[in-house]
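For clarity, chains are labelled A, B, C, D, E, F, G and H in written order, and residue numbers in each chain start from 1.
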Amino acid sequence: MSDTSNNDVILDLQRDARIGMPEAVLCTSKTHAQINRAVDQALAANKSILLTHLNEEKAASVTATPFDYDAISQTGITGPWVAPTGTAKVAIVSAGTSDMPIVAEAQRTLAFHGTPSKSFVDVGVAGLWRLLNVRDELAQFPVVIAVAGMEGALFSVLGGLIPSLIIAVPSSVGYGMAREGETALHSALASCAQGLVAVNINNGYGAACAATRILSARSE
Amino acid sequence: MSDTSNNDVILDLQRDARIGMPEAVLCTSKTHAQINRAVDQALAANKSILLTHLNEEKAASVTATPFDYDAISQTGITGPWVAPTGTAKVAIVSAGTSDMPIVAEAQRTLAFHGTPSKSFVDVGVAGLWRLLNVRDELAQFPVVIAVAGMEGALFSVLGGLIPSLIIAVPSSVGYGMAREGETALHSALASCAQGLVAVNINNGYGAACAATRILSARSE
Amino acid sequence: MSDTSNNDVILDLQRDARIGMPEAVLCTSKTHAQINRAVDQALAANKSILLTHLNEEKAASVTATPFDYDAISQTGITGPWVAPTGTAKVAIVSAGTSDMPIVAEAQRTLAFHGTPSKSFVDVGVAGLWRLLNVRDELAQFPVVIAVAGMEGALFSVLGGLIPSLIIAVPSSVGYGMAREGETALHSALASCAQGLVAVNINNGYGAACAATRILSARSE
Amino acid sequence: MSDTSNNDVILDLQRDARIGMPEAVLCTSKTHAQINRAVDQALAANKSILLTHLNEEKAASVTATPFDYDAISQTGITGPWVAPTGTAKVAIVSAGTSDMPIVAEAQRTLAFHGTPSKSFVDVGVAGLWRLLNVRDELAQFPVVIAVAGMEGALFSVLGGLIPSLIIAVPSSVGYGMAREGETALHSALASCAQGLVAVNINNGYGAACAATRILSARSE
Amino acid sequence: MSDTSNNDVILDLQRDARIGMPEAVLCTSKTHAQINRAVDQALAANKSILLTHLNEEKAASVTATPFDYDAISQTGITGPWVAPTGTAKVAIVSAGTSDMPIVAEAQRTLAFHGTPSKSFVDVGVAGLWRLLNVRDELAQFPVVIAVAGMEGALFSVLGGLIPSLIIAVPSSVGYGMAREGETALHSALASCAQGLVAVNINNGYGAACAATRILSARSE
Amino acid sequence: MSDTSNNDVILDLQRDARIGMPEAVLCTSKTHAQINRAVDQALAANKSILLTHLNEEKAASVTATPFDYDAISQTGITGPWVAPTGTAKVAIVSAGTSDMPIVAEAQRTLAFHGTPSKSFVDVGVAGLWRLLNVRDELAQFPVVIAVAGMEGALFSVLGGLIPSLIIAVPSSVGYGMAREGETALHSALASCAQGLVAVNINNGYGAACAATRILSARSE
Amino acid sequence: MSDTSNNDVILDLQRDARIGMPEAVLCTSKTHAQINRAVDQALAANKSILLTHLNEEKAASVTATPFDYDAISQTGITGPWVAPTGTAKVAIVSAGTSDMPIVAEAQRTLAFHGTPSKSFVDVGVAGLWRLLNVRDELAQFPVVIAVAGMEGALFSVLGGLIPSLIIAVPSSVGYGMAREGETALHSALASCAQGLVAVNINNGYGAACAATRILSARSE
Amino acid sequence: MSDTSNNDVILDLQRDARIGMPEAVLCTSKTHAQINRAVDQALAANKSILLTHLNEEKAASVTATPFDYDAISQTGITGPWVAPTGTAKVAIVSAGTSDMPIVAEAQRTLAFHGTPSKSFVDVGVAGLWRLLNVRDELAQFPVVIAVAGMEGALFSVLGGLIPSLIIAVPSSVGYGMAREGETALHSALASCAQGLVAVNINNGYGAACAATRILSARSE
C-alpha cells in the first residue's frame, strides 16, 4: 500500500546556482535513514552538505567520511568543503554566555558558505561597558549578527550605536515571560532603533544565510 | 425589582489610615452620576479625591468646586488638597515624547500624595547619549519611574546603570508587535538587569502609588 | 507642579553621523505641538526631517514650509531635502493592491535617504505567473523589500527564487486568522526559504532603513 | 464506590451506516485494557478497527490477531479488513521529508476506508521546480491532501496551480515561530488562494476522512 | 519619485482556466479607484467579477453597469454573469440568525460560480430538534457548508449525523471567550467528529470556493 | 437566488418545557427586522421574551407593547411577564461600581425567570471590610453571583468565606493586563478556593440562567 | 539563615465549619515530607484528608495507615472517613474513554464529601444516540458534571437537553488545536446553551466541590 | 574557525560599585565549564558569587571550596561571603507550601546581599485567618515579597491591608488556566490594590534584588 520509504528525500541540488547557497538539512524530525539518504544525494552530486540540529546520537549514525561534527553548534559537514581562512567579514555578538550554541551555529554556517567570522560573546547591556568596549570594532563590519534572549535589549542599543545591518537572532535563553524567545523577538521587531531585522528564534543558521545573501551581492 | 441605582458606590474612606494613601476613582466605565457620588462621599468626609482616566467630557460633568483638571494626564482633583512644593523625591523618565500622558499621570498622582517629582522625557536608548547625560542625576533618586513603549529597552539599560529602585511602566506606544504595551511589559519582566519591578501597561498611577509606599516607609 | 510641557522632545541630531540615517518622527501618539517642536528642532539644525504615520488632519497642522506631504504613505518631509533621481537601487514587491500604503512608505523613506527604488505591486503567489514574469529583474537587485499580508507565502516563494537579501514586511491586510499581520510575520520567520529577514508589521519605514544600512556599507 | 472500570468504552458501531466510515480509536490517553476492550467490541461485531496514535509499546499490548501495525504512521488495523488495490484516487503531497509520518497516517486511513492513494514527498516551495514537475499529475486528482509545517507556503502555491480540492494538514515540523504547527495552520486559513480547507495540526487521519466523505458522495 | 498609482492592480485573468474559478476582489483595504480599476480590467476581458467585503459606501462608487449589489452579503457582481437556476447542489446551514451575512456571502459566491444552493438558518444545537428536523434533507447533499459562531458545537453534531463533506465556517458571532470566532474555529479543528474541514473565520466566500472545487471534480 | 430573508429566525419555543427556561434573544448582531420577528414568534405563542445586549437605538425599533426596557442592563422584556416579588433567593455581589451593568443584567434575567434577587455593589477586596460586613448575610444564600473585573480576587476571597455556590462572572472592567476580562476569568478558574464555577466574560445573563437551573432543582 | 523547613504547612482546619468542606492537598509540587506533614496535621485533629494529583511514587511515601489510594484518579484518603452508600445524587458524564481519570477524581472527591455518584462514560456527540439513550436518566439529577476534551461539544448539547445544572470540566484530551483543554474550556464558556458553568481544565476535584456546595444548600 | 570556547564568559565585576549588588550567574543553559569559569573570575577578583537555577548535578561539578549549596532554592554561593545575622529587614510571604523553593531563592539572595529576612509560608486567602493573623507583623516591614501561584489573590488582599511596598512574585504552581504562572502575574498587574509591583514568574532572585535596591537607598 505504501511505497514511499525510499523516495521521501529530494535534495534541491540546483539551489546554489539559483540563490547562491546550497540547501542544508534540518535533522530534528528526520530518521537516521533519511539523513543518510540526503547526505548520499549530495555526495553523489559531488557537493558538500551541512546538517543542522544534529544531536550526538544522530551524528553517530552518519556513515559518510570524513564527517566534521561540532557538538556545541549541533552541526555536521561532509563533502569536499574546506574551512575558510582570512579576515572575518561578519561579526557575531551575543548578550550572554548561554547564547553560545547559536553563535556557534551561525559561525559554522558562515564557514560552510566560505565566510570567516568573529564572535563577541557575553556583552549584554546590563554591563554596558562590555559593549561600548567593542563598539568601534563592530562598526567596521557591514553585517553584525546579534544573539540575545530574555528581553533582547542588546538589539536596540546596538542599533543606535553602529551603522551596520544588524540581524537579530532572538534566543530561547531565559524563563517565565522570556517566553522561549518570543519576548526577545518582539523586542527586535518593535525596537525604537531603526532598521533592525530579525530571524526566527535560535535561528543562527538563518542569520548566517541572510549575511551570505548580503555579502554575495556586495562581491558582485 | 432593582433598587441599586443609589447604593452602587462605597468609597473606602479608611484606606489612607490602613495603607498610607486614599482610594482613587478610575472613571473609565463609570457614569457621570457615579463619579459625582464618589466625589460627594469624599467631600462629605472632608477628604480630597483623585479621579483618573477622566476624559474631558466626563470632567465637565463634575460639579464640585474648585476642581483641578489636567487634560494631558486625564486626571482631576478636588477637596482640600494643596499641591506640594520643594525638592523632587522621585524621578520620572520616559523613552519617548509620546509617553507624556503617562508621565503626567504619575506626576499628578505623586503630587496628590504630597510628593514633588521631576521628569526626564524623550531619553530613549536609540540615542543613548540622552540617557547617559542624566545618569548621575538619576542615580541620586531612591526611586525612578521609567516609562517606555515599543520594546522597552530603556528599562534594562537603566537597570544596569543606576542603583535606584526602577519601577517600569510599559506604555502602549508603538504598533504591530509592540502589542499595545505587552512587549515593553515582557521586556521589563524578562530583563537581564536585576531587580527591576513592573506595573500594568500605562499605569502611571500605580507606579506613583508604589513610589508612595516606598517613601512612606523611608520617612517613618 | 508639572513643567514638562515644553521640554518633552529631544531630537537625536547626531544620529546621522552615528548610524548613517537621521531620526524620523512617528506621529501616531503625538500632539500637533509636539510634532511642530520636533520639526523646529530639525530645521534649526538645518536638517531635513521625515514624519511618519502622519494622517491628513495632523499634516494640516504642520507649519513649516515647504512641506511635502503624501497621503498614501502617510508621510511628510520638510527641510533642505531633494528627491533622488537615477537608477533604482532597491526593489519593492507587494503581494496585493491593498499593500500599497506600505510600499509607498518604504519608497518615501528610501527617497528621504537619497535612494531611488522601483515597485512591483500585486504579484502574489495565487497567480504565480505574475511573480515569475519579474523574477529575473528582481534577481538583479541586492536588496528586495517584500510586502505581504494574509499568509505571506510570497516571502518563501521569493526566497527560493532569487539570491537577493529579502526583507519581509508583513502587512495587516486580511481578516480572521490573518491576525492583523501576525500570520504573515510568522510565515516570514518560520519560512522554509533560507536567509529571509523580517521587520515589524506594516513597517515599510523600518524595511527601508535596513536597506539603507546595507547600501551604506556597500558604497563604502 | 466506583464501578466504572469495565464500562468505559462504548464503540459507535452504527457510525459506518450513518456517515460512511467506522469510528477509529485515538490511543494517546488510553490504557492497554481500554484499547483492547475497544478492539474486542469491534471484532465481536465482525468489524475491522483502526487504531491511531498507537506507539510501539501500546501496539505490543494488542492481543487480537492478525494485527497489522505500521510504526511510521503509528497505526494498527485488525479485523476482516483487506488492503485496497488499484488506481490511486487521492494524492498526498508533503513539503518536507519530516512530514512523512503524517503522510503515512493519511495513506493508512484511506487504505482502511478502501481507497488507494499516491504520495509525493519533499516537494516544498523553496525548490519550486519539484512541485511544478508534478503539477499536471496532481491536477488530475479530485482531492489532494497537502502536508506542510513551518510556514505552510505549499498550501497557497498549490491552491493557485490546480483545481482540485486541497485539504491542508499543517504539521508540527519546525521550531520557534513555527509554533508547533500553528503558523502553517494559520497560513492555510488566511491563504490568498481561494477555496483551501484545513484540518487540525498533524491530523492526517482527519484529512483522509474528509477525502472519504468527498469520494463517497462522488460514487453515489 | 513614485509612479505606482496606476499600475497597482494586476487581475489574474487566467485563473479560471487554471483552477476553475475566477479571481474575486476583497475590497476591505482598497480605494474606490483601485476597485474600479479591477472592475475595468475584468470587463475589458469580457469577464464577470465578484467584489466581496464591499460596504454600501464603496458599492456606491462602482461605476460599471449593471451592478448587482447585495447589502446583506456585502457583495457586488458585474459583467455578463447570469444567476443560476435549478436544483440546489449545496446546502448552507447556520447555527443562528446572526450568521445570516456569512450564509448570504456563501450563497452569492456559489451563484457567481453558477451553482444554486439552499440555506437552513437558525438550526443551532441548543434546540436540537431544529437540526434533526432537516437531517435527512441535509444528508442528500454531497457538500454542506455549516456556519456557526460562539462554541461551534453545530459542526461536531452535524459531522456525526450525515455523510456529506462538511465545510465549517466559524463566525465572529458571540462575545468574551467566543474570541471573535476563534473558539468556533478551534472547535471545528479539534472536533470529535471525523473528517470535518474548516476555512477562515467569516469566510463564506472561501467555503463556497471549496464547494466549487469539489463540484467541478464531480462533474468531470 | 436568495429567499432566506423571511425564514432566518426559528425560536425554540419548547425550550421552557425541556430545560425550565425560555430562549432569550442576543441582539448584538441582529437587524431590527430580525429582532421583531423573534418577538412576534414569541407573542404568537403567548410567551414572554427577553432581549439582551439591546442598545437604545435597537430598543426604539421594537414595536411590541408594552415593552419594558432597561438601559443599564441593556435588556428588554415583552409579553405576559410580571415582575416577581418577595424574598430575594439569589445574591449578586460586585467588586466595583463599574460592574453595575452586569449586575443589572443578572437581576433582570432572574426577574424574567420569576426570581427576586438582592445586589451588593462595590465590595471589592482592596477594602476588605466592605465584604466582611456582608459576609454573614451572603452566607445565607444558596447561590451567590459574583461579578469582578481586573484581577478578580473577589472570587477567591468569597470562596473561602461562605459555603454558597459562587458563580463567578468576570467583567471586562480594567485595562492593560486585565485583558478585557480574561485575567478575572483565569483567576476564577485557577482559584485556590475550591468549588468556584465561572461563566463567560460579562455574562450576567448566563450566571442568572445557571442560578435558575439550581433553584429549579431545589424547588422540585 | 533559613528556618522554614518545618513550618511550611498550615492546614486550614476550620474550613469545614466555614464552607462545608475540608481543605484537600494538591500534591503536584510538594515534597514527600510536606505531604506527610499535612497528613499529620489532619490526623492530629482527628480529621480525614484527601490528597489529589498524587502519583504512585508519592503515594508510596505516605506513612499514615490505613491509606486508601486510587491510581486512576491519582487520589489518596486517610483518616476516619468511610465511603458513602446509597442512591447517587450527582451524575458524571464523559465524552470519551480517555476522560476516565477526571471522572474518577470527581467521583472520589464526592465520595470523600459523603456523596454517592453515578458515571456515564464515552457518550460523546459524534455518536449522539449514546447520549440520547441516557438523557431521561440524566435529567433526574439536580447536578450533572460533564467532562469533555477536544472541542467540548458535549457541554452545549447536554445544556439544551436537560434542566440540571451542568458543571463543565474541560479535559486536556486531544492534540493540536485542542490546546491542552483550552478549546473545550472556551466552548463551555461561549456556549449557545444557557446557564452552563465551567471549572478549570482537568479539575474533577473542583467540579465535585461545586456540586457539594449545591447539595449542601439543598439539604439545609 | 571557532576560537570562542575559552572567552565566552565576561563577568561584570564593576556591577557592585555601579548598582549596589554583584552580578549573579543563571546556570540553566550553561555548561559545567562555563559555570566554573564564572566562579574563577569572581574568586580571582576576591569576590563572592551567587549561582542560581543550579541543579544538584551541576552543583556537584563546581570545584571551588568551600561551596555552600542549598537544594531547595537551587542556589550555591562561594567566596568570602558570610551569612548575615540580626533582625529581619524583609518579609517573604507565600500563598502555599508549594511556593517554598521561590521563597528560599529570595531568602538566599537577600542573605547573599547581607540582608536577614523572615518567611511566612502557606498563608493563602482561601483560609484568610492565616493572613490576618500575621497582618500586623507584616505591616512593620518596609518591603514585603509575596509569592503566589494559581490566581494570585494574595497580592491584592495584602495590598489592601498593609502600607509596605509589596513585590509580587507569581509562581508557576497550579495547572490548566494557572498557565504556568501567567494568571498570577496578570492578577498582580491588574490588581485593584494600588501600588503593587511585580517581577517575572518564579523570580525570587529578582524580587530580592529589588528589595536590595530599596534598602540600599534607605540606608544612605
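The rule is short, and it goes like this: a contact is a pair of C-beta atoms (placed from the backbone, for glycine too) under 8 Å apart; a residue touches a chain by one contact, two chains touch by 3 or more.
Nothing here was measured: the structure is a model prediction, and the numbers come from that model.
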Rotation, 0 to 180 degrees and nearest 5, that superposes chain A on copy chain H via CA atoms: 90
Matching chain pair for F-H (criterion: over half of the contact pairs shared, by residue number), options A-H, C-E or C-D: C-D
Length of the line joining the C-alpha centres of chain B and chain C, rounded to whole Å: 34
Cα-centroid distance, chain B relative to chain H, in whole angstrom: 26
CA centroid of chain A to CA centroid of chain B, Å: 43
For chain D, residues that touch 2 or more chains besides their own: 15, 23, 126-127, 159-161, 176-178, 182, 185, 189-190, 194, 200-201
Full enumeration of touching chain pairs: A-B, A-C, A-D, A-H, B-C, B-F, B-H, C-D, C-E, D-E, D-G, E-F, E-G, F-G, F-H, G-H
Chain B residues within the chain H interface of the complex: 15, 18-21, 23-24, 142-143, 159-167, 185, 189-190, 194-201, 203, 205-206, 208-214, 216-218, 220
Residue numbers on chain E that touch chain F, as the complex places them: 70, 72, 83-84, 97-98, 100, 103-104, 107-108, 111, 116, 119, 121-123, 126-127, 129-130, 173, 175-178
Touch list for chain B against partner chain A, complex: 95-96, 124-128, 150-153, 155-157, 159-161, 174, 176-179, 182-194
Chain E-facing residues of chain F, complex: 1-2, 4-5, 7-10, 12, 14-15, 23, 26, 28-30, 34, 38, 53, 172, 181-182, 185, 200-203
